[in-house]
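What follows is a structure written as structure tokens; I'll ask about it next.
Lettered A, B, C and D in written order, each chain numbered from 1.
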Amino acid sequence: MTTHDGIAKGWTRDQMAARAAQELQDGFYVNLGIGIPTLVANHVPEGMTVTLQSENGMLGIGPFPFEGEEDADLINAGKQTISELPHSAYFDSAQSFAMIRGGHIDLTVLGAMEISETGDIANWMIPGKMIKGMGGAMDLVAGVKKIIVVMEHCAKDGSPKFIPACTLPLTGKNVVDMVITDLAVFARPDHNSPFRLIEMAPGVTAEDIAARTTAHYIS
Amino acid sequence: MTTHDGIAKGWTRDQMAARAAQELQDGFYVNLGIGIPTLVANHVPEGMTVTLQSENGMLGIGPFPFEGEEDADLINAGKQTISELPHSAYFDSAQSFAMIRGGHIDLTVLGAMEISETGDIANWMIPGKMIKGMGGAMDLVAGVKKIIVVMEHCAKDGSPKFIPACTLPLTGKNVVDMVITDLAVFARPDHNSPFRLIEMAPGVTAEDIAARTTAHYIS
Amino acid sequence: MSKKLYPNATAALDGLLKNDILIASGGFGLCGLPERLLDAVRESGVTGLTFVSNNAGIDNEGIGKLLRTKQVRKMISSYVGENKEFERQYLAGELEVEFCPQGTLAERMRAGGAGIPGFYTKTGVGTLVAEGKEVKNFDDQDYILERGIVADLALVKAWKADETGNVVFRKTARNFNVPAATCGKVCVVEVEEIVPAGSLDPDSIHLPGVYVQRMIVGAPYDKKIEFRTTRSREAA
Amino acid sequence: MSKKLYPNATAALDGLLKNDILIASGGFGLCGLPERLLDAVRESGVTGLTFVSNNAGIDNEGIGKLLRTKQVRKMISSYVGENKEFERQYLAGELEVEFCPQGTLAERMRAGGAGIPGFYTKTGVGTLVAEGKEVKNFDDQDYILERGIVADLALVKAWKADETGNVVFRKTARNFNVPAATCGKVCVVEVEEIVPAGSLDPDSIHLPGVYVQRMIVGAPYDKKIEFRTTRSREAA
């Protein structure tokens, strides 16, 4: 779908979400960010139980409500109306982030503007532009056990987003475990190790990735 | 009742509790220690609403249960069976002490082994004797808005308990607001002021107090 | 009837509002927002307010209304999107903003209410949020010191309260209302319904009465939804 | 049926017990004590244990049983009265004890579970408890630094759980069970009853399922009372 100067192929947004969903395990408690990460919920493998956390105070996010059943008291962190499930539980914001900060959430999937080769992430502010705030992103990247970033491989102007060092203000330092782009997947086993290129979208070559990535990684 | 070498009179335990109860105000949330402080609950003035907190996780302590209605899941901080009231609320120990430490409890009444003239209190250990622990006493004296101590004026050997400086390990430093003994009441308006002798039991003279008190106080 | 219950929001705030005070407000977006109380703050005309609140309302809702009337000097928030007047004042330097990560913000309120003046967290280490803050190493990892917040006044929206001030919230409208309530020197709660003592399960009280000094019934509420997302019945 | 449910306490602790680990236990006196799990720890024979628990049980109940078998190396507690074997071992220097104020203990567990390695409190300032601890002044008042506790294993007694591990407690049996549960790297809960998902009110869950890794049904319980105090009906 996406065309990166000459590469005809690449994963769609939905395929990127499906790839992130491969990291789910049965029994996981997961927090999904806004945008592509939200689509991960559609790809939970059959028979696997995954419980979604919403940082505004809920475990067990259900699907969007049926028309006419929207409840103003039941929203997700993106302020969208949602529904509850039989095993849902509500709690306050302090408890919600105690859960996140304390390492009780297994996995979070979120978007980013830049990722550095040492796992830094920038996704909350662009100097000179209106700052909206970091919301819960800094808490999530600091506290959740495994951090997966899903983003386009290059910015709209074609410049790489997986780079040696972030140029934008950080959301978290040395926190990212896996980067899934429309072209490739990079992962590292721990926060002292470099990222390794572990997968490429069909038709994408290692040279294509190298040409569009300034971060150092193991291939 | 009590005889302090030559003083025929003095308040009974129940009268001391009644005196402490005069410090209650309508709407107060109160934590009562074990022993004489517990008796304060019997002296809440008619028409006044006072809610008792139990640091093991309850607001709204009711009276002892009727025989046969004891519930092992419903005890006070002294591990005695109690009952609940229509406005009772239960919570966990972290929440209970958040309430205490955060200054949300208006008043606590507790016993002591020694009180210093600067409001230090010692009531949890005697060097050389088996230490049972401070329980919640250190949190209560550090966090509750007003601290009232109810104790015998002198120890069993006749030595004063309201003294210049505590000899026993402290429970709290400069925390006590009022001292009620079987002979007298001492109070201070704030923690920078000295204690003042404000009341004496019937038949007790200022000279009697002075002879049995080594703490400096204003008379 | 309840000694804590006031006839309306203005009465419930009587004597509590002054210029330049710090107010903690519950709510996440428009969900669980103490709208009656915020309206009464606006009508009181007090200015120079600092609000500690996860969001800053939207253009004509919540704290957004107080921004229009220029009663707010400073916001301590995690996210302030969706608010044009906010943006204008912020860019013009008329409004001071302290951005605080959402979890740190919730914990700072909870800490203030729990008598904890400071705590250490990993959140924000190595970012702009850490600037000027003490860094301490525990077990080979760096943490920053964040301060507890004690507010002069807490404004809270709840579902039901009993006459003695025991409070319950409904679904995700609980959010920041509990930490906000506990960090206020005085806490005023607006509820949808007051019920007799004994009507609420004592095992299920979200905010015990000790934290609640004053209450009003704010009903009827016309609760607003920021982003209405649904699925169609056919798809099910 | 529930993936978290185990047939008995021994099965639920399989693979989790090792010598010298740190175990957080809920309970206040005999109230809300995880007795089935503590019995299984005793039967496992592991030694050198450190227990963080408000109390140390009484002579033949709770952790008291593990003291008899000398499986406990250290207690972190606020109050250890009413236990002769404890007293003997403590005075003989066989048992290490760290006394911690009750509120500080509860907050240390809560903090450990909430990713907070340290916090400041007024409790214990100027006392033996402050010895060796960092003192910091905030707003003209001294506070001491206390450390969050993360336990290798948390043992919890609850009332009901649904199949997914959402848990509710009954009356004052909640006590230290919630902070203990949250501070465990692994948390095992014994309950009186497992109910189907959907049976518990989602607004009234005391411990959400994310904190619970394993469960057993420990019923029937013969709950013991430490001090039976009553009033007679005639007096009422």
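The working rule: contacts are C-beta pairs under 8 Å (C-beta built on N, C-alpha and C of every residue); 3 or more make two chains touch, one makes a residue touch a chain.
Note that this is a predicted model, so its numbers are computed, not measured.
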item	value
Chains in simultaneous contact with chain B and chain C	D
Labels of chains that are neighbours to chain C and to chain D	A, B
Furthest chain, CA centroid comparison against chain B	A
Chain A and chain D, separation of their C-alpha mean positions in angstrom	36
Centre distance in Å when chain A and chain C are each reduced to the mean of their C-alpha atoms	28
Intercentroid distance (Cα basis), chain B paired with chain A, Å	55
For chain A, residues that touch 2 or more chains besides their own	84, 90-91, 97-98, 100-101, 142-143
Contacts with 2+ other chains: residues of chain D	107, 110, 114-116, 121-122, 169-171, 174, 202-203, 206
Chain pairs that touch, as defined at the top of this document	A-C, A-D, B-C, B-D, C-D
Residues on chain C engaged by chain B in the complex (per definition of touch)	3, 110, 112-116, 162-164, 166, 182, 196-198, 202-203, 205, 208-211
Contacting residues of chain C [partner chain A, same complex]	28-32, 54, 77-81, 87, 90-91, 97, 99, 101-107, 109-110, 121-129, 159, 169-179, 206, 223-233, 236
Chain B - residues contacting chain C, complex	26-27, 29, 49, 51, 53, 59-60, 84, 86-91, 97-105, 142-143
In the complex with chain D, residue positions of chain B that touch it	54-58, 63-76, 78-82, 84, 90-94, 96-98, 100-101, 120, 130-139, 142-143, 169-174
Chain D residues within the chain C interface of the complex	107, 111, 114-122, 136, 138-139, 141, 143, 147, 168-171, 174, 201-204, 206
